[in-house]
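One structure, as structure tokens, below. Some questions next.
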Amino acid sequence: MTITREQEAEIEAAREDRSTTLRRSVAALEALLYRPLPVLDHGFVRVIDYMGDDSAIVQAARVSYGRGTRKVSEDAGLIRYLMRHRHTTPFEMCAIKLHVKLPIFVARQWIRHRTASVNEYSARYSILDREFYLPAPEHLAAQSAANRQGRGEVLETAEADFVLATLRADAERSHADYLALLNDAAESPGYDPARSGLARELARMNLTLNTYTQWYWKTDLHNLLHFLELRADPHAQYEIRAYAKAMLEILAAWVPLAHQAFLDYRLGAASLSAPMLRVLRRMLAGERVEQPDSGLSKREFSELMAALAKDA
Amino acid sequence: MTITREQEAEIEAAREDRSTTLRRSVAALEALLYRPLPVLDHGFVRVIDYMGDDSAIVQAARVSYGRGTRKVSEDAGLIRYLMRHRHTTPFEMCAIKLHVKLPIFVARQWIRHRTASVNEYSARYSILDREFYLPAPEHLAAQSAANRQGRGEVLETAEADFVLATLRADAERSHADYLALLNDAAESPGYDPARSGLARELARMNLTLNTYTQWYWKTDLHNLLHFLELRADPHAQYEIRAYAKAMLEILAAWVPLAHQAFLDYRLGAASLSAPMLRVLRRMLAGERVEQPDSGLSKREFSELMAALAKDA
Amino acid sequence: MTITREQEAEIEAAREDRSTTLRRSVAALEALLYRPLPVLDHGFVRVIDYMGDDSAIVQAARVSYGRGTRKVSEDAGLIRYLMRHRHTTPFEMCAIKLHVKLPIFVARQWIRHRTASVNEYSARYSILDREFYLPAPEHLAAQSAANRQGRGEVLETAEADFVLATLRADAERSHADYLALLNDAAESPGYDPARSGLARELARMNLTLNTYTQWYWKTDLHNLLHFLELRADPHAQYEIRAYAKAMLEILAAWVPLAHQAFLDYRLGAASLSAPMLRVLRRMLAGERVEQPDSGLSKREFSELMAALAKDA
Amino acid sequence: MTITREQEAEIEAAREDRSTTLRRSVAALEALLYRPLPVLDHGFVRVIDYMGDDSAIVQAARVSYGRGTRKVSEDAGLIRYLMRHRHTTPFEMCAIKLHVKLPIFVARQWIRHRTASVNEYSARYSILDREFYLPAPEHLAAQSAANRQGRGEVLETAEADFVLATLRADAERSHADYLALLNDAAESPGYDPARSGLARELARMNLTLNTYTQWYWKTDLHNLLHFLELRADPHAQYEIRAYAKAMLEILAAWVPLAHQAFLDYRLGAASLSAPMLRVLRRMLAGERVEQPDSGLSKREFSELMAALAKDA
């Protein structure tokens, strides 16, 4: 993780600046506030602001249910009920704002989650730092044979060395040439006063997709959970999963009841189709069902077996 | 405004419950927190939670501009620039959650703003109170002759009396019959143990559209401003404008710089079309332009004259 | 269902007006186009326009997968895969526009689906017809004892008669008084030239919530499926379920492959939580699990049993 | 523009496949359907599908206005009125689906428009072609001195040659190394059976941001106009403006009345703030107002002068 001294000083200053509020605060999340959780080699996630807590979910649900909820006395039970039945609107009443530093190719996946607010560092205005993602050797893997969009075996040392050297060399050269194209008096090592320099909005196209960018990203708890359901999943690309993992820690500190309900009813749950449920009924009746007579395709049958074997 | 004792006690309790936070707080908004601002005869708006302040807008804009903003030293200037040029994403970094009590026909207009989160009191679960909106006599107006969707002259006393008596009688009878249909042991005056009572989700259809409902409504500052631009406008129906007016007060307490910029660049601004700008250029060159030779339709010409006469 | 003669003539005219297109057309949906499918006593759903078909889903998925999909040769298989794994974006490439006539209390539930476009008949501009929903006797039910937001037993004849008479009388009186308040020369039976009449935007508040309104509603296929998943569910209120049922017919005509996949993987599926899956594993291992030793709450245990018993 | 033979054949086949429909068709847009409009050096925009036309806007507005619109007899007038007053919902009733090929750095700007549906070619599944954007010499410009995010003077020939050679060399080397990292039997020139090859989802990070990607992009007319208002603006980066220009052509063919109204009331319009309107009133009264006594900042004053001088 690379935090500039300037950023460090800002963080410390912000953490000194206490105020009194009538809003609900969450001590465990306050302890994390502003501080970067490191992700990948130079990335991070920092909580900048938040609104609401577990009780805000309950409060919103109780407005909906009005007098009808007098008997649902326990918060955890209500939150678990809401999560299980996908009554999602009460979760929208909480919001969180993160500062994220991430490689551009990860940012391109992330931004597909449309129900969020984003302010990204603009390479039209400013010059991007010489920072790019290089995977740790244990994350350098071959194309999966089984899954067209996944990774398979980790690369042997020799090939991993070649890969890393190539990624590094190309990223460094592209960034060095980016600075040369910019010909910026302050930033470009070989600054030449005789040249005009290329506009920033153009020069940036020379950078590689592992260059780090950063943004403020704000979303509500419902959409955060949806993000985590997709991105903490083992099928998600490792690099975005690493961010999801840090965000799960934040979730646990912020809304512990919703976090546990999320693990039980979303991350650890399995959706079984009507044909799968028919097979399951036969199995529960004591029949030994094999794929060919299951009525399921091979793929579906193995998905069902995986769901039943899953230890969440 | 009708606040139950229970609600009053909750408000006072919430206002006693101070905590320390590292988040930015806004003293002027804290002073309003939880307290109902009365609107119409029984409605209100209460701020329940918020996130961010004027400085959060600036902070988000500066992430976008990166090092490029070193020179934009003044917050107010930056916020005004963002507002003028409709750079709206930094305003999305602030959020506010309101508790609103409002007549159903107003709720139906309000809900058309889709980029918000809502938890409404559910009449499938609970029984609606006997509260309905009756306009003050000065708001009882005839259909506008000029504007197919507006109001014209205020009604004479005799007609106003007839209108109010009719509205009141129909609302009361509908609510009384609603209770009779429900046949609820606790709530229905003529409760008859021999009858089953009609399900709540059905009985509610007997209520009139001026019955009050309530909801939690959360939105970000950008979408709040969009709401206010449309609903604080003189063309908006008076009843929703009354809510917008209360929300403008909240806005002024919460983000005073954004509020002033909003008055100058949005509420007080006029959008002049290309044909209008052509007429304006002729006028500035000293020509006296009349509608027939303006190239504008009668309607557009009068809209231009109104914009030029407008004293914002 | 009440279609005016004017509307009937428009429908026939629209159905005469054929054109040639290079776009994909769906014969089974063309057969339905413009024609109202009756819902409830006066409501309907009409398809006004559509874009895309099953092949558009496949095409969009194949752009994503690029050369990677050469082997996924069968459209149905790909659509089923997408549905099962909630790869939802290809479904967004299809869109449909409906004309719906529905009671206001149903419209209030419907509008909570935010990702859609709506143009509603405006009672600020125009006068609403004297049409209101009166349930058929078999849909007049008592409040459910088990479910705080549901219906229980159907009412006995005597109580049903009382309910219907009340609903009818209040709706009729409210509408008659609405016309009296408007005092419209063309529409109000007791028009009195000496009175101004009340503005439409105010007079409408006197109407009951079972009054019919109408709108154009446009959404994409992904959001339509989400709507149907929630509103064709047995827990949805009967009245909106009646619309969902008509829309399922439209779905079957429009995108038969997506429709079948939706029945198998969404409507007929069950989401089993991590704790439920643990119980299921014990049952499959031959153990007889009862609720008290299941680790599930009573409610969750009975939900699991219901999912296993469900015959979709 | 680079269209593969396969794509060309698909386009011709699609253009042979006529069907009869009861939906509204637009002859001028049918003439463009499927055919790529070239943008930049290898990019294009193709219309794949559409729904609605000018009359669909009118139809939706008339549902809203109900009987109230009997007198608004002319479609063009109504569309102009809707555009002028930002009554945007009727425009949402039309939708269009485009196939776009564009450099990744343009795609990153484009995707910030959230109210749209996207299916992008996935570099997790498939291998990206060796195609990257190289600006034409007349678009190679220096950083603007006046505008921190814009371009200034076009570069001299010598510097332009250096820039192009650098961009080309880095993009080619990055792509060649990308293929080497993949070590794909079919695609990598130096394929080595002894190596595993790096997973696609990782290798792609070595590509430069001017590499072309492609996607299907579907939006409604309202959001398309919003996109064009921002991206056809002279402040938008040239490269995305080039796409906006092609899309304006499509707009003119599809909805000619809305297109003309858009030019007059949106692209050619100016929003004048309350302080600007005060200055304007003094000018119209014959006063000669200079910036120092205008009450406007230098920047705002020059923006006002620009709006008044603008010849749209």
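Letters A, B, C and D name the chains as they come in the text, with residue numbers starting at 1 for each one.
Simple rule for what comes next: a contact is a pair of C-beta atoms (placed from the backbone, for glycine too) under 8 Å apart; a residue touches a chain by one contact, two chains touch by 3 or more.
This one's a predicted model, so the numbers in the text were calculated from it and none came from an experiment.
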{"item": "Any chain that touches chain D and chain C", "value": "A, B"}
{"item": "Copy-to-copy rotation for chain A and chain B - C-alpha atoms, rounded to a multiple of 5°", "value": "180"}
{"item": "Gap in Å, rounded to a whole number, between the CA centres of chain B and chain A", "value": "35"}
{"item": "Chain A and chain C: spacing of chain centres that average the CA atoms, whole Å", "value": "34"}
{"item": "Whole-Å gap separating chain B and chain C, where each centre is the average of the chain's CA atoms", "value": "28"}
{"item": "In chain C, residues with contacts to at least two other chains", "value": "65, 68, 118, 122, 125, 148-149"}
{"item": "Chain contact topology (line, ring, star, complete or other)", "value": "complete"}
{"item": "Chain C to chain B touching residues, read off their complex", "value": "103-105, 107-108, 111-112, 114-115, 118, 122, 124-125, 133, 135, 139-144, 148-153, 155-156, 159, 162-163, 166-167, 170-171, 173-174, 177, 180-182, 195-202, 204-210, 237"}
{"item": "Chain C contact footprint on chain D (complex, rising order)", "value": "14-15, 17-25, 30, 33-34, 48-52, 56, 59-61, 63-69, 89-90, 92-93, 95, 97, 99, 117-122, 125-127, 214-216, 218, 220"}
{"item": "Residue ranges of chain B touching chain D (in the complex, touch as defined)", "value": "65, 68, 77, 81, 84, 148-149, 263-265, 267-277, 280-281, 283-284, 297, 299-300, 303, 307-308, 310, 312"}
